[in-house]
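In the two complexes below, subunit A is the common chain; its partner is subunit B in one and subunit C in the other.
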Partner chain A sequence: MAIKFERVSFQYTSMDNKGYLALADINLSINKTGEFITLIGETGSGKSTLAQHMNALLQPTEGRVHIFGITVDDKTKKQRKIKLNPIRKQVGLVFQFPEYQLFEETVEKDIMFGPKNFGVSTEEAAKRAEKMIEVVGLDASYLKRSPFNLSGGEKKRVSIAGILAMEPDILILDEPTSGLDPIGRNALLDVFYNIHTELDKTVIIITHDMNTVYEYAKRVMVMREGVLVYDGDPVALFSKSNIDRWNLDVPDILGLTRDLEAKFDYKFTEPPRSRKALFKALEGMLK
Partner chain B sequence: MHPMIEMTGVSFYYTKEISALKNVDLTINKGEWITILGHNGSGKSTLSKLLVGLLKAKTGTIKVDGITLNEETVQDIRRKIGIVFQNPDNQFVGVTVRDDIAFGLENIQIEREEMLRRIDVFSKKVDMFDFLNKEPSQLSGGQKQRAAIAGILAMETDVIIFDEATAMLDPKGRRKILEYMRELNREGTTIITITHEMKEAVESDRIIVLKNGEILKEGSSQSILKDKETLEKSNLELLLPLEMLYHLESNKIENEKLKQYLWQSSLNA
Partner chain C sequence: MKNIVIGRYIPGNSFLYSLDPRTKILALLILMIGVFVIDHIMHMVYAIAIIFLVLLLGKISIKRIYLGLRPLLFLLIFTFTFQIIFNRHGELLFEETLYYSPVSIALAAAIGIFWFFTKRFIKFRLLYFLMTLLAIGTVLSLTLFPGTFATGRFAVYEEGLFMALFIMLRLIIIVTLSTMLTMTTKPTDLNLGLEQILAPLKILRINAEEIAMIISISLRYIPTLLDEANKIMLAQASRGVDFEEGKMKEKVVQIVSLLVPMFIISFKRSDDLANAMEARSFAPGRPRTRLHVLTWKRLDSCVLALSFLLLVTAILSRVLL
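Entry: the complex of A and B
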């Protein structure tokens, strides 16, 4: 088990000293490889707070998080001997709008910054930059360009390449596709899917987009008012009662599948999870 | 029909080599709900910033309700057009929700009593009345966005632009914003929705498709929604039922009842 939460609670303290419980009694486990997880929930439900516990950027006020053999609890901050740096390297966290954090003269230098910070040689960091720029779907010609003249989608890719260059085992992305147009969004999701399958990494995506949940995820976690209310199969999540209870949108594909079953005599044996699969299944029934 | 916005030969560039908007002619009538649809970098946000005078056109003229936009008239025009942006954190200026709504009203020197009345009315309208004394740090993204909208509504402008205003919101927040658009339009406000989400374009009267700074196509929402060629050209995605419809057609599968159904359901997306 790469990450394990044991009865984790987290309380923010506000200026007027009133506590605010952002996480309440969370228990969960995440594997080092093979997982493609989406984390959803209304704004303010605790998704980002939960993600920041996964790489010890925040430490629980109650309970424990075990991350690659290191235990993090409310005393961790005071104990100087516990080094959290290895965790940050193993669990890469890409913030929302990572493109705002680009700052170097060239794309290459920006990608190399993270690994060099963790003691990787310049030569090795350059090698990684060359590899990762392709993993995120750009070519080597981008390396010498200034990050500031790129489009929003390209900037996002460069910042993700920078995190990948640190070679994390687990990659967490906070709303990575918000603001992107449909083509840009799908292209980037395919990049994450490739990172998951080809580099064999666990990928965790925070999102508001139910299509992402339905079409990509193997597992989905739902946060609501600091509580992890669902952790499991994405198809089972979208039962009618859950949709009402948690204010979810019905994914496009599932909505149409259900409508076709209700209004026509079609029966989908396996619920299609992509546009392609849906068309193919329907075609089979109609021919 | 009374033209509310008239753009004639409007161009804009950030750097000389790359133009963001090329020679745009566009008329929007009073009470219309129009969607400006386009991929990232198509120029749609540039267009909205030009309309409210946040950017100055390099060529061409912009008229709002008959008044030509220039340095002398920009303040008057801002009383006619309000804009809601994508990121709720970038548009919250007050210390509290109440201050935030009052800010715009103070700017246009609304009398105190009228100001209090409007704060009351419009905070209730967006379900933020109970939050009037809250600070932005105590609010969720959706709540901040609703506060920003209350501030814009309180200005009682003739036109409201929603510039990707739902992009960062959760499904519930998104639905709320769409409801406001619908209601405002019914009450006579001219609405301009700027988006790349087809679902948000369905209900509008007319769609303008922008590509690389130019108007690629304009037409009724129904006609643009099914215009596969235009949408593909401009990096947009067909609504799922329509994509299925075209898929059936290209595979020569005839089923009138199903096709009818798919077309209908795309209009209810």
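Entry: the complex of A and C
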């Protein structure tokens, strides 16, 4: 078990001492390999706060988080015995807005910044930058450009490359596809999926897009007002009662298959989860 | 960063809160001039007693004021010791010869180092610091150690002690007064008051309204920028920047990694804000109506009159006594 939450609650402190409970009594565990998780929920439901607990950027005010054998609780920061920095090498977190992290003169230097902080040599870091810029769908000509003259989508890709270059064991992405065009979005999701399948790494994606959830995820977590209300199979999540209960959007493919089933009075043996799978199933249906 | 008390508004209800901001600003100015006019330590003690009375009447907790003073503790201690050591007028109060020998200096240094490494475990740091100073002084004044190569003299004079106390009290009063103003006045009200007080400057072709707008926008963006800084720190921390530990050389890179995004975000924000203001037809210098209009009450006149009275008393006490 790579990450394990034990009765974790987190309260934001505010000026008038009336704290805001962002996480309430969360229990979950995540494996080091083989998981592709999507984390969904309305804005302000605590998704990002939960993600920031997974690499110890925030420490729970109650309960414990175990991350790769290190236990983090409310006293961890005060005691200063445990170094939290190594956790961040193992669990890479990409923030939603790339503006918060890009600062070097060139894209290359910015991608190298993370690995170098964790003791990777300059040559090795440069090699990784070269590799990762291609992985996120840009080419090597970007390496010498300034990160501030890029478009929003390009900045986003560079910031993701910066975390990928750290070669974390678990990759967490906070809304990685917001602000991207549909083609770029799908390409990037394929990148994450490839990282997951080829390197057998656990990937966690925070998203508002139910299509992503339905098509890619093996497991889905739903946050609602700081509470983890659902943790499990994405297909089961989109049952009629759950959709009504949590105000979820129906994924395009699921809506289409349901309509098809109703119209033609047909039952798919296994509901298709992607366009490709749907076409394949349709072939069977037409025969 | 969240514990800064200076300049922060704390909601409450007392007569200080219901005063017009113009009154409070003017009264602050008048009282500050009064504090600078006073030249006798006893009068300063009276002044601080009056401030205490106002704090009590205004239902402001002394603890909050103390928290506001805490960042200035260093300055207070510095001026105090400076006066005590270098001001050599008046009657001699206390004298001690200091013997510098290798052993005593080594021992004093050892105490200093011990203090440096243990201070984080002690709750009353200031007291601990003073005790350490006392211990060092005692060690240096002992004649036990051989090999004395120099002697020094530590003396406290009446004037030095009085001046030290005097300046300290003056600083405390000034900071308390300004903390009282900012604590009981919303930044927007403060700004409005300032704008109206500075309005006569139009004769000098200084546009008070613009200045007030600049101040209010800056004040408005302090919490926002703090929030942004926090987010940047988290984003960089997840790339392995350790803001709490790290060597000096790393610290420079850390600060750069915080400042560059900070600047970029601020520029972008100010650009957005300018556009948003223009989209709502804001034109500098044009007359505008106000959402909140300040009203002058009888209480305001009373407070202002009292402040004047105190200033006159201070001037009289200086001239006559």
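We take it that the second predicted complex is superposed on the first by the 284 of 287 C-alpha atoms of A that agree within 3 Å, B and C clash if a C-alpha of one lies under 4 Å from a C-alpha of the other, contacts with A are read in each partner's own complex, and residues count from 1 in each chain.
Rule of thumb we're sticking to: a contact is a pair of C-beta atoms (placed from the backbone, for glycine too) under 8 Å apart; a residue touches a chain by one contact, two chains touch by 3 or more.
Here the structure is a predicted model, which is why all the values come from computation and not from measurement.
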Problem - Superposed partners subunit B and subunit C on subunit A - clash or fit - result: fit
Practice task
Report for A:L23: first if it touches subunit B alone, second if subunit C alone, otherwise both or neither.
Solution key: neither
Practice task
Using the superposition on chain A described above, determine whether A:V135 touches subunit B (first), subunit C (second), both, or neither.
Solution key: neither
Exercise for the section: Return, as a multiple of 10 degrees, the angle whose vertex is the Cα centre of subunit A and whose sides reach the Cα centres of subunit B and subunit C. Expected result: 80
Handout entry: Touched partner set for A:G114, first subunit B, second subunit C, both or neither
Key = second
Practice task
Could you look at A:F103 and tell me whether it touches subunit B, subunit C, both or neither (first, second, both, neither)?
Solution key: second
Fill in the blank from the handout: Least Cα-Cα separation in the three-chain superposition, subunit B to subunit C, whole Å, stands at 5
Exercise for the section: Can you check the complex and tell me which residues of subunit A touch subunit C? Expected result: 13, 15-16, 52, 55, 57, 80, 83, 85, 88-89, 92-95, 97, 99-103, 113-114, 117-118, 148, 162-163, 166
Exercise for the section: Spell out the residues on subunit A that touch subunit B in their complex, using ranges where they run on. Expected result: 14, 41-44, 151-153, 175, 178-184, 186, 208, 210, 247-249, 252-253, 256, 259, 263-264, 275, 278-279, 282-283, 286-287
Problem - Complex interface listing, subunit C residues touching subunit A - result: 2, 8, 11, 228, 231-232, 234-242, 244-245, 256-257, 260-261, 264-265, 268
Problem - subunit A partner contacts - residues on subunit B that touch it in the complex - result: 38-41, 86, 137-138, 140-142, 164, 167-174, 196-197, 235-237, 240-241, 243-244, 247-248, 251, 253, 255, 257-258, 261, 265
